[in-house]
Each structure stands twice: as C-alpha cells, then as structure tokens.
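A, B, C and D are the chain letters, set down in written order, and residue numbers restart from 1 in every chain.
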Amino acid sequence: MAAQETKTKAASFRLEGLTAAVFTPFHQNGDLNLDPISAYIDCLVKDGVKNAFINGTNGEGWSLTMAERKQVAEHWKKVNNGRLSALVINVGASAVRESQELAAHAQSIGIDAISCTPPTGYKAKNFVYVKLMLDTLVHFGLCFEGNSPESSRNSFLFLSSVSDQCPRDRFNGSILGRSAEEPYSYFLWMKFSSCRLYELKRCLQRPEGYQICSGHDEHLLAVVAIGNYSFIGGTVNFQAKLFTKVMEAYKRKDLEAAEKHYDQFVINCSILKKHGDGVPICKAIMKLSHMDLGPCRSPLIKLSPEEEEALMVDLQQSGFLDSVK
Amino acid sequence: MAAQETKTKAASFRLEGLTAAVFTPFHQNGDLNLDPISAYIDCLVKDGVKNAFINGTNGEGWSLTMAERKQVAEHWKKVNNGRLSALVINVGASAVRESQELAAHAQSIGIDAISCTPPTGYKAKNFVYVKLMLDTLVHFGLCFEGNSPESSRNSFLFLSSVSDQCPRDRFNGSILGRSAEEPYSYFLWMKFSSCRLYELKRCLQRPEGYQICSGHDEHLLAVVAIGNYSFIGGTVNFQAKLFTKVMEAYKRKDLEAAEKHYDQFVINCSILKKHGDGVPICKAIMKLSHMDLGPCRSPLIKLSPEEEEALMVDLQQSGFLDSVK
Amino acid sequence: MAAQETKTKAASFRLEGLTAAVFTPFHQNGDLNLDPISAYIDCLVKDGVKNAFINGTNGEGWSLTMAERKQVAEHWKKVNNGRLSALVINVGASAVRESQELAAHAQSIGIDAISCTPPTGYKAKNFVYVKLMLDTLVHFGLCFEGNSPESSRNSFLFLSSVSDQCPRDRFNGSILGRSAEEPYSYFLWMKFSSCRLYELKRCLQRPEGYQICSGHDEHLLAVVAIGNYSFIGGTVNFQAKLFTKVMEAYKRKDLEAAEKHYDQFVINCSILKKHGDGVPICKAIMKLSHMDLGPCRSPLIKLSPEEEEALMVDLQQSGFLDSVK
Amino acid sequence: MAAQETKTKAASFRLEGLTAAVFTPFHQNGDLNLDPISAYIDCLVKDGVKNAFINGTNGEGWSLTMAERKQVAEHWKKVNNGRLSALVINVGASAVRESQELAAHAQSIGIDAISCTPPTGYKAKNFVYVKLMLDTLVHFGLCFEGNSPESSRNSFLFLSSVSDQCPRDRFNGSILGRSAEEPYSYFLWMKFSSCRLYELKRCLQRPEGYQICSGHDEHLLAVVAIGNYSFIGGTVNFQAKLFTKVMEAYKRKDLEAAEKHYDQFVINCSILKKHGDGVPICKAIMKLSHMDLGPCRSPLIKLSPEEEEALMVDLQQSGFLDSVK
C-alpha cells in the first residue's frame, strides 16, 4: 500500500477537542499501580476530556520497562469501555526495534492510534529516525486501517513534538517550515508545542496538511484566536473545565468572558511555573484537586510535604482550585 | 527628583496605536538623504500610523555617525509639524557617553521621547548597562518633563527589546519575569518582541507595570486577543492599513473578518520571510508599494534587480500589494 | 557500606592506556552478529588497545534491546579470556529500572566495571538522574567489590561524558567546576570529552579527584602535554598505533617526532570530519583498514558504495591507511 | 592594487611573541587619563611584552567616543618611541564609516597596523560586515604598505576573534573551516580564542594561511605543544613573565619545568575566574601587582574595596603575586 493511500485512509481519524497527556499511577515504592486508572478515566470524562495520550513524557513512559509499557496500554484499553473516544499510545523508544515491538503490541490489543516521539539522543537526526521507524512499520504492515478491516478506527498517527523547550537543533522552525511545504507522507497529526504561533497559522492555512494539536497550554486564548481548538497536554488533566470555558466563550463571541476565564487560566499557569512545573508538580496538583495518582518514579522526585503545603496555599489563594472544579 | 516621581510624571506619556520603526533614506552612494522624509510622513499618516521610532535597527541607527544621528533627528522634528503624534529617538550607542550626548541633543531639539536600546556587545550585562546609562541621565537631569516645564510632552521612555532572536542570555524570560515582579523604576515602556505571549499576558495583568508595545508583527491577531493593541515594527511602514483592519474587526467582534484579514497578513509575512526578511527586503517593499527611500548602507546589501523582480512577482500574486494599499 | 568507603575500595581499579569504545557487529539485515568479536579483540590487542568500552554510543547500545545488550556483554566476556585487561559495560538506559537490571546482569557475569551514561532526555536533570540511579545501585548492593570478595577486580565505575557537543545545559563547565570542588562520591572515573583543556588540567591538579580519561581524540598532543595519557574513543579502534607513537615520542622528549606523528593524526581526524564523522564512517574505516563489522543499525545509515569509494581514495592519498597499520 | 598583491606585501609584517591587549587608564570620574601610559609601556617591556593591542575589548574601546579613541591612539604612538615593537589599533565600530575614519586616522599618525573587530550586533553577518569594510578600506587606499612607501612597516592586519564565548552563529568552527580552505584575501592575521585546538592545528598546517595568535591564555602549554608561540590577551599585561617561563622551558625540552610553571599559570587563571574574570578584575590585579590604571568606565563596574581585599588575599596565598613578578 503506497504511503499516500495509507495517509488518505488514516486521515479519517481525528483527535478532536481535549486530549490529556495522562499520568501513570505508581505505588509509594515506585511500582506500577493500575488500580486508579478506571476512576481516573471517570474524572477526565466528567471534566470534558475526550482522549488520552498514554506513556508519553507526562506518563513517564521513558521510565517504564517494556513490559510495564505494555501493561499500562492494556489496562487503559481494558477499562476504558468507550468512555474516552480515543486512546493513543506513545511507542517512542531509543531502540527502533523496541518501538516496532510496542507498535505491534498496540495494534494487537486494538489501541486506536500510536504516536512515536523520537528519543532525544539523536538530536538533529530525529527526522531521519522517525522516517526509518515509519518505513519499517509500513514494511511490516503494522497499525494501518488497511490491514485490519474489521477494526474500523485503528489508524496510524504520528505525534511530533515541535517545542521551544527542545534543543535548537531539533524540529525547529525551519524544519517545520520545510514540512509545511512538502508535508511528510506519514505525518498525520502534529503536536505543536512552540510559541511561534505564526508558524501554527501557516500550518492551519494548508488544508491538506497535518492535523494540528496545540501543546502550549498557556497560550490558549491566542491559539483559539488563530483558529485552533484542539489541545493536548498535562494541565488538561486538571483544568479541562477552564479550557472549555475559554473556548466556548470565544466561539459564542463573548470576548469579555473569554478574556476573564483566560485571565484565571494564566494565573493558574503562573502558579505551576512558580512551583517548578513538570510532572512532580502536576501530580501534586492532581492529588490536591482531583485524585491521588501516587508519586513519580526515579529520576523524578515528588514534592516534599513542605513543598506540597506551600503549593496548596497558592492553589487556594489564587483561585486556582475553584477555577478547575 | 526621585526615580519614582519621575516615572509618575513621565508615565502620562503614552505611545498609542501603530508606531513605525522608520527607515533612514540614503542616496545611491550611501550618503544620507533627508529630502524624502516629509513625503514619507505623509505616507505614514495616510495609512494610519501614529508615531515614528527613529534611528533604531530599522533606521540603521547603528550604521550612522554621531553627526548623522543628530541630523536625522533634527530633520524629522523640523518637518513633522505635528503630523505624527510622537517622535521617539533611539539614543542607544556602544559608548555610554555617546548615548548621553544623543539624549541631551534630543532634549534640546524638543523630541517627544527617547529610547535606549542597549548595544549587543555587553550581552548579559545589558541590564546593568541600561541602569547605568539611565542613572547618569537622571543625574544630569536630562529628558524629563520636570526639567522642562514649558515642553508639555517631553518625557522619558525606555524601549527594551525583548526578543526571541536575541541571544539567550539577553533579556530572556526569566529577566522579564523578574522585571514583572519588581518593575524597574525607569522602564516606562517596553517593546515586547518575544513570541512568549503568556509572558506578555502576565505583564498586561499588572496595571502598574510598563506600557507594552508588541514588536512581533506576525502574531497580530493572537496579540490582540491577549488584549494588546499597541504595535511597533518595520512592517508597520507598509502594511499599517492591514494592521488596522484586523484590529478594528476584532474590536467590533467581527471575528470572521478579523481572521480573513489576518490570513492575508500572515501571507504577507511569509512573503517577507521567503525573500530574506530584514531591512533590505523591507526597503524594497517600500519602494514597490509606497515610495523609494534608497538603498541600505553597508554592511547591509540592497536587493539585486533580479531579487527585486522576483519579489515583485510574489507581491502581486499573493495579494500583498492589493492588501497594503 | 558508606559511599566513601566504597569509593576507596573501587578506586583501586584503574582504566589505563587506550580504551576502545567498541562497535557492535551486525548482519546486513541489522541482526546482531557476535561471530566477529573474538577476531576483533585480536585486532585491538595487536594495535595496543588495553580495554573495551561496550554498548556505549559507538556500540549503538541505545539501539539494542535489553536482551541484545545482555547477549553482547556475555559474548565479550566469554571470548575475551584476559586478552583485553578490562571490559566495561555501559548500562545507561532511559528507564532507571532497566539500568539496574543491566547492572545486576553485568555483576553476575563477572564484568570488570560498569558505566552509566545518562539518557539524553532528562537534560539538566542528568546529574540528579545519575545520583538516583547510583543510590539505588548502592542500596541493592550491586557492582561493588565489597559484595563479591571472590571477584578481585569487580569494581564500580562511572563514565560521565563531559562534552562540548552536549547541549549547553548538560554537564557544562560550571557543573564540572562544582564537581571539581566537591567531587561526587560515586564518580570514580570520568570521560572528559570537552575541549576546555584548562578544566581538564584543573581536574588533574586534584589527586583525590576522579580518574580522568580523555575522549577528545583530535586534541591528543595537547592533552598529553597537559599531563593525561589515558584515552577512550571510537578512533582508538583503528588508529591506536598512532596514538601510541605520539604518546611515546612525547614521553621520551622527542618533541619533533611527537609533532610529526600528531600532524598525521590531525590529518586523519580531518578525513573523518570531511566524510561526516560518527559511527557509520568509523565502521566503514574499520572495514577498509582492519576488519568488516557489518553495517549500522537504524536509525543510523551505512555509507553508500559511492561514499565508501570516495572515503577509500582519501584514506589512501592522505597517508591515513599507512599511518594506522 | 589587487588584494592578493596587497596581502603579499603586508604579510611581511608579523606580530611575534606576546601582545598585551592593553587597558585604557581612566581618572576616578571616568575621564580619560593618558599620563600613566608611558610608565605602563616600561612595565610591559620589562616583563617581556613585545606589542600592544589598543582600543580593543580590554581597552574598553567600545566605551570610548570617537575623539577619545583617536586621542588614545595618538598618545600611545607619541610616547612609545620604539619601546614596544608594534602598536595595533582596533578600529572596529558599529558604523562602517566610523571604522573608516579611525583607520584613516591610524594611517595618518603612523600606527603599525590596524585591526577591525566586528560589532557584535550583526551576528551571522559579521563576515559580510568585515568584507565590506575591508573592500572600502582598499578602495580608499588606506593602511597599506603600497600607499606609503616611506613608512616601512605600516601594514594591514585583521584581527578576527574566533571565540567560544561568541554566540554560536558567529565565527564558528565551520566558518573557520571554510576560511581554512579558501583563506580570505585580507585576513593576514587571526586571533584564535577558541579552545578547539584541533582547528588551530589545522590552520597552522597551512603555511600560506593567516598568521595565528592565540587568545586563550589558560591553554598556554597545550597551545605551545601544538606549535604556536604567539599570544595576545588581557593577562599578558600582568603575567607575561610566566608566559615566557612556560614557553622557554618547553623550547629547551625541559618538560618538567614547563609543566611546573604551567601549574602555577593555571592556578592564576583559576583565581581570575573565581573573582569574576573580565576587565574590572584584571585592572584590580594590575593595581595590586604592577601599577594603578584607575577604574573601569560605565557600564563596567570596578571592584568594591571588600572585593579587592578578598582578591588580594587569594593573590598572595595562591602564589599568584610571586609568580608574576
């Protein structure tokens, strides 16, 4: 099957609305804890989240063993029961052959789509890495609709993280630009985490281009004004309601309300940044605002009781907690 | 006079609407050519520009001798006759004593305000540089309302360029962040050229902070959605009308029109980038769309006839020319 | 066992002379090929190489599955039979738990020492990552002399890559400097791949500090003049003889000979750089000068026949081939 | 006169041995103080310094007005009386026309050679800047031997600072590499401040290339081993004697003595770095070890009495003071 054909088929799959880059629950000793996942899904659905992105950076996927990555994928699939619209599994690994193994496993358990974030080790070569991995996946006939006609939604999806936090020599503007001119045949979907919104707009101006999902939470209102309503990220886990308020106010042209909610949204982001950002702080906020998913795994370090208390004070005083419930 | 007091007085001065970072006209041999300036002002005013920022990067201020910088300032002042609301002179120089001399000169000819973009050579020390220059200016009693009661608008203004194109160790997010917490007493005004709109929003959330002017043309609609309507830049010289269309459509909540005009605006920006961006391309566009201001001065190189012709084709085919007239 | 005590014991282990960061042989289809390893060891020993560093970047360790990494380690151990003095296994992995598993395996098969190059994904947190991994290793009593009294040389070793090619926010000068002041209790050994030789000298000035091994081949003579005679790297695989000639000439104060051999050495390095550097080019040189170890594994790409031919021409004309035999 | 011809003539000029990047003396109020310059020259000559590089970064040339830069040049020329072999004036300025004016002035007063360090503002365009300035200088027939036959040594010299501290996009390895392949016709001389000694060696391997002067003091012994004995820099002002001891010991193959003196040299450099490096610390060391040249000019800040006292303690305890006298 030619790549273009594959793309056309797979392109019918869309990641719409809010996608939570979900956390992986652990026991206090760092072992996997699958039990809370079902209640976690309830929590997400109740707040308006549509999809889950599993085993990514927020899910500490890089700290899981191969066996654990499969266990986590299987459990989300097993307990979801259609509550979330789509489950996306990140199969990025430093060894291409391990990515292939994870992709085949995802296919076999009926996961909706995979993504493959490149390992950070190959720097400027990431583009090459992804191409090779995808070529190999196609060669083995994995993960494409065409190969599993009975599964109506099993499609291929690639999540490329275009981010300002990335080293300069990775997926920078010029690479993105080049992609925009000749979109890579397997790129069906792209996470846009850069604050270069001009480039986001340029992507959106190409109807035949990738599906774009914004990964820059804190620019929510600006991104919406640019014309993008699809978001993925870690804060979606706990402030999905506020995301929705901003977007809906904008859609109904109540710009005052949009700006008011976005004001709180920006304050929330500033609290996160003040306390250090990252998975440990997000997991602490989850615990304080929604549900306890346990600590982080090494090498990440969970907040100390003192740090958690200081965080709680700020969450209350800034209006954060009220705004996300 | 204490700094705080000075600030309070000077703060009554506002740079509102569109400010063109104006070009300096040259003869073909690179000598100054002051003649076109009066017609240039007509051109700007007709398109809706409110203020001019003179001898900055777009004005090739760093390539002018001290004598020329004064000549340019004097000529703009002499021929303006109130057509533009405010004339701002950049007095940044690599030698602090030369900045002081330019500031005193600006004061003496009745310029509305000065700015002092730091020389790029001191990198991380720019903040210190600016502080020292300002302390010295205050010490000598220059450029402040309080010292020239008869001149009702002569105020102090500092233009800090917060830009992503800057080396990382200059005015980056964290320095800006720190400023946002304890705004520098002389910073009355800030050019925000970063695409980190979240930080722009954080600045806007502080009513007692700096006046903010956005310098990132291509993010126009996103910046407007964030709540900022003040722009400065090089493309203001030729696409001021399109700036205005986007902003007015947004103000009257005609979001479809805002997005439509912004679509063309983004296409215009992409033409600029395609042809190399910078002063040479902007001066060529001025010539092709509005009026001829001559070549650039060394070390910048003007477009070749072939480059200019290729540019003209794109300006016509993309709708650029129609959109800016 | 206290960290300091552990260090004292393990510190008796020394990596002396030339250490080859060895390549992993593959079949044409990318599968592991263990067969050539024994002859490869002969080849290294004959050229004067003392130790092998296995499963590092040159060994494409990040592209091997867990099972393959163990297989490779076992095979080197099985066929070495004391020919090489020390076998060091890199156990770095993106998941700490996988590093722990690889460390335990290395211990169980009697490997001389391990290293743990941090995954590149955690950037500024690498230091923290390493600390946590090491703390855990100590906790589980792995890889230390004290725990296996019968194995007289099984010691702990940490290979930290201090490199200019690294992103700025990893192991940079200041972190190294801090280490130099308060050397990290588990750092027994450090690969110094930076060209900041001043810092190398500072490290050498501390007799109680780490054992230092230089990883910057092309600065050979300068490093030797600074006082360091221990080298690790990829080019050790094929130009060990030239390394030795430079070092021995310098030791006997025949500075003209040292400079003459270093001149050729530098020419050799320039050929490498001209053809792209990295594992693919090094494997091609191995094939043309010593022995065929097969292609690279995806995502790396082996040289095309044309590229290989162009390389061969340069190797012959520059005196490279003659100099390394 | 063709560029190549010019180069051939000018190439007879050589900057040999130690060149001090001299400081500019100021009064306490920041005004120029030319009086100490004659005694300063005595001091340099006594320590073995051969040449002076004037109005560079160490001379705070970028903080001097045009008039002051000329005054400084004239005074050094007037009082030198052949004590120093060559006086080099830096004419780099942000405006090309000012560089041209300074170059013509240097020619007119019989300065031995000029350099033109590019302004930092043009970043990646520096190469272009330099080319244009040089083309213009040639056009005007300035500063070349051929134009002033009576002045036997007045030659052209370009000082390009190849430095690791520079932003990545300036004069980096690849640009240098390109230069090494097709040496720029006007580059007669190059300051090599990078620690990439491999590239320095590559330059030295081209006899027809630039004259190279190392600007990385702290790598002294390594640079000497590589084959370069010409140094320029700020610490030459006060530790020229130690430079000489290292170089002479190496020349007579007394490698133990070379290493011993270099050990102290490295300790001296570490004291500099500990106290902040840069012009303020160097001027303080000059005062404590040789002679008082006054404070720095804004925006640089001289050491406080407390900082100076702490520095003095370290200079004494580390053997610094004894080693430089």
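Side notes on the structure shown:
Here is the rule we go by: a residue touches a chain if its C-beta (ideal position, glycine included) is under 8 Å from a C-beta of that chain, and two chains touch if they have at least 3 such contacts.
All values derive from a computational prediction rather than experimental measurement.
The fewest steps needed to get from chain A to chain C, moving only between touching chains, is 1. After Cα superposition, the angle needed to carry chain B onto chain C is 180 degrees, rounded to a multiple of 5. Farthest chain from chain C, judged by C-alpha centroids: B. Each chain gets a centre from the mean of its Cα atoms; for chain A and chain D, those two points are 53 Å apart. As a whole-number value, the distance joining the C-alpha centres of chain C and chain D reads 38 Å. Looking at chain D, no residue sits in touch with two or more other chains. The chain pairs satisfying the stated touch condition come to A-B, A-C, B-D, C-D. On the chain C side of its complex with chain D, the touching residues are 195-198, 201-202, 205, 218-219, 221-227, 253, 255, 259, 262-263, 266-267, 269-270. Considering their complex, residues 62-66, 93-98, 101, 119-123, 125, 128-129, 132-133, 136, 167, 297-301 of chain D touch chain B.
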